[in-house]
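Okay, got some structures for you below.
Paired with chain B in one complex and with chain C in the other, chain A is shared by the two complexes that follow.
This part shows the complex of A and B:
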């Protein structure tokens, strides 16, 4: 089939496919202009599937304060406030450090105790389907609540949370604005509400466009000069990513993740004895969690957002599977893998290049095979992966806009929060770096 | 007339006696429940070098006992792992000779004729119930290395634990129509296809390791249920510890197996859960030197 005929076939399908067909038609045109030496029409169509960026923002139907300005400001303030933690010294931002892509640079997290998993970055977290390396949460607010309550992380509780909110007049005001009532430790919705506010703020964390996005746009508009301006190593790495590497099979779409889970041969023992069961344990956790989408805290009355959760069943293969992470912003979130066992992007590419097939079960078609990449091919893939991060420095998001009716309170309590933030940074500097 | 004055001490006494009786009953009941816990013959265990490094033999055997296994058929890369476990618990371990000398030979072994000498040496030296688990697909089953495995199985009266497709099974059976084969993972085939193979080949048996499609939520899938009822003597369960971490899944897998087996008639559940393994494999070890 010629390129043209293939495009025409697509045009007769649904409107969505018609859109894809247009992308493909452009791709065909550009492919013809660029010649065989550059990206093929098929490659360009696949590159198109990794955008556009940023993705259209969507409200979370399970979170009634998603997009609510008061909740967003409240969430920002709480995220940085150590008052939620049992020791009043650590906050969400202790591990999710804005200047590190909301990661901490450590192999495994350190809250009140040492954890067993690498802290995930939070850019674009609102676009995810499952949360945590094991997908132990089916919504962002539930995932945000877990570390607050976990005795090994922040060790908080409802009483402490209510006290914090009532003790800072702007927080109290913002809570009343967002939820229409006072924060009350006896209200069993309090913790879910606080988590929903933190989630509402995290939904605003959308990372900027990257060199890859610029290359993609140039390819789609057939701008050969702009394409040629991108480093050859980046383009070769992209071709490897799509082709021989088959990376895009799992690292799909604009986020470069299919949102699911896989076993990529990374050991999952946890010292001194035992294992991290990964997704197998995560499925059990999400089903047992009172804050899941099947529970009463889900604000989507239709429960349409709970379909995937409803059908979850742990399978043998899930044992040792971990989430397919987004590849955006990787440059700022080293080390890598669920346990932070690989220090650099080069180590990651090496892992796939020399992957131990015996650690992978031969059930069905094997996606992962040792690539046996040359050193220059590894350089190319790393170049491509780095092009999925914005240029340095990563912009640190500032505080969301104040709410007019809480403005009178804001100046006083913001001063306190700034002092807390400085204290947290100092604590992190001393102990965790 | 009023029995009350007498009754309190009597009541206390009776109450104590009743309470003690209840406690005894509960204790006996719990013990009975534990005794009634379905034994499991796990037909698909590996104990390769990275497993014995992370989970030494004593710890590994403790896991098998904790899982309530009647016995486990073990094969390893290298076979030294199997021998270590067998030495630790000969009552629990049924050795199978995996032809791989180390990890990484899954794809290459069938074209590597040095494997033959290795297998012949081990067969002379140790006792086994089977050769396998090995991986072979399609026409590769007619390569010289695989043909020799079939001959050796016949010579030593051993099973072949074959991970492959139905084409490979057919080829091996053509080489030796008397060959006894345990089909690993039931070939990851559909239940109808597995039943057809079992009907066609009376010496073919199938393990259910690393599959979930035959049961969910403690219930057997209807199509698989028909297969189990048609061939209750031909299926076995297994965990498949293909990575060392999976040793920590054996206990859960045994309980998961008990869950769905309870959905079958008791005699069928016992056969698939452990009796088939005992009859087919464990019995071979008792009579051999």
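This part shows the complex of A and C:
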């Protein structure tokens, strides 16, 4: 219950003198101050399901070098090395720029050719079930191999990869350490191994806790004072997100994604006259991929990690569905959506507010209705979304520790690594123009 | 002499384990089903008990299925005190309000004695899900429905 004291002033005239009188009124409302009142037990239970953060880290059972220090260092070096690409100018970091939340700020990616999809950020990438906007990969290492081989992105191959590793003694040493053999272009496992090393490094990218996480903890502790310290707009936005907005139906759990796919009416036409089939194509791609979890490169002998792939079920509605993205760290990863078509979080909230039901599939979601939000409700929802990013820019992860027995090599190849870093930077600025 | 005694020792160790094994199979195939078999649905004489199993076969209540995680089901079909001869033909689940079903195709394996194991289910959104069990007994097909609320 919240109470307010009002002073109501009355002016009344008696003969020639005006009098001002103040009458104090006590007005009380039962939790009626929309959005700012305490959260209900039901709401708190739902808020609790969006944590804890960070989630407990788990090794990838399908990747035998997950957590292996030599592989993590190798992965870091390769991620920043343009030598994997056919033109020796593009590295993973060209598009996944560490200082931009590991994306490029462009609507759609530019590699050897122009792409049709937005580059996703890579913070917390290891926590997903499906990779790519269409979920065309069922594991992080095969998603990391795709750009190396894709003629539109890096256009690399096994031969180039093996000679890159052999040509830099630290890389060669790290590879031998992680995989127990020399990098060999004729080895059927070479590309999978390289991708597993890059994946092992990406698994270490876990973003810090946010204002939302602090609010959640305060609510679970029952610390009313700490809860009240959070901006009212954030709290109102959170309530809207869980309630009328129904956002958490899809943006669920600690990552704010259920890891599945949906159609929210973002156009999927691609210039000049194509369409992006989204999940429909993704299911086909994942099943055709020799590096999927049903294949021999999966290091989990039990194949328990392949349940999702084994039980895939194509449906008509998959056409035009895209992955439900995580909502963490969005402050650093504009523009938004699979095609980068929305520039700001405000644009995204406008999209949901005015959603065009005719654009949704006839057999699509019935939960998306235009929300017709007021300007202040839009502000609230944006405040909430912003509270899912750390307030200070995230620390760019530096190189992982060196491996003792590859140490001598590291010093010798360090000069080369710096040269690569410089070329990455110059490519970034070219993209900016 | 020495070797014979040690062989007996091994046997002694295994007998109780073996007994435990039979007891627990009997318990699993017990009809009529009890709470340990999960939630109960009936259609005429047919009783169907189902229990969700999370990773590592950890059983959970039918009211506590987590959202967006794969789970399996243990299903027991009974007719009174007898295991039913009917078979679980199909299992599916939909969200009636959203007008869509699951993104995954469950698979059924018969285990004998009216028991079945279903793999590969996932409720990927919060809200009401309706599970449908299709059971065939000779020419008779019955559909048993159960609603669960996923948070």
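In the analysis below, the second predicted complex is superposed on the first by the 389 of 433 C-alpha atoms of A that agree within 3 Å, B and C clash if a C-alpha of one lies under 4 Å from a C-alpha of the other, contacts with A are read in each partner's own complex, and residues count from 1 in each chain.
Here is the rule we go by: a residue touches a chain if its C-beta (ideal position, glycine included) is under 8 Å from a C-beta of that chain, and two chains touch if they have at least 3 such contacts.
Owing to the predicted nature of the structure, the values given are computational and were not obtained by experimental measurement.
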item: Partners on chain A (chain B, chain C) - clash or fit; value: fit
item: Touched partner set for A:49, first chain B, second chain C, both or neither; value: second
item: Which of chain B and chain C A:267 touches, first, second, both or neither; value: first
item: Contacts of A:359 with chain B and chain C, given as first, second, both or neither; value: first
item: Partner chain(s) touched by A:275 [first = chain B, second = chain C, both, neither]; value: first
item: Chain B versus chain C as contact partner of A:316, first or second or both or neither; value: first
item: Contacts of A:308 with chain B and chain C, given as first, second, both or neither; value: second
item: Nearest-approach distance, in Å, of chain C Cα atoms to those of chain B in the combined model; value: 8
item: Shared contact residues on chain A - chain B and chain C; value: 313, 315, 317, 363-364
item: Contacting residues of chain C [partner chain A, same complex]; value: 55, 67-68, 70, 97-107, 119-120, 122, 124-127, 151
item: In the complex, chain A residues that touch chain B; value: 267-269, 274-275, 277, 280, 313, 315-317, 319-320, 356-359, 361-364
item: Chain B to chain A touching residues, read off their complex; value: 48, 54, 77, 103-104, 106-107, 135, 163, 185, 188, 210-212, 216-217, 240, 242-246, 248-249, 253
item: Sites on chain A touched by chain C in the complex; value: 45-46, 49, 248-250, 252-253, 258-261, 304, 307-308, 310-313, 315, 317, 363-367
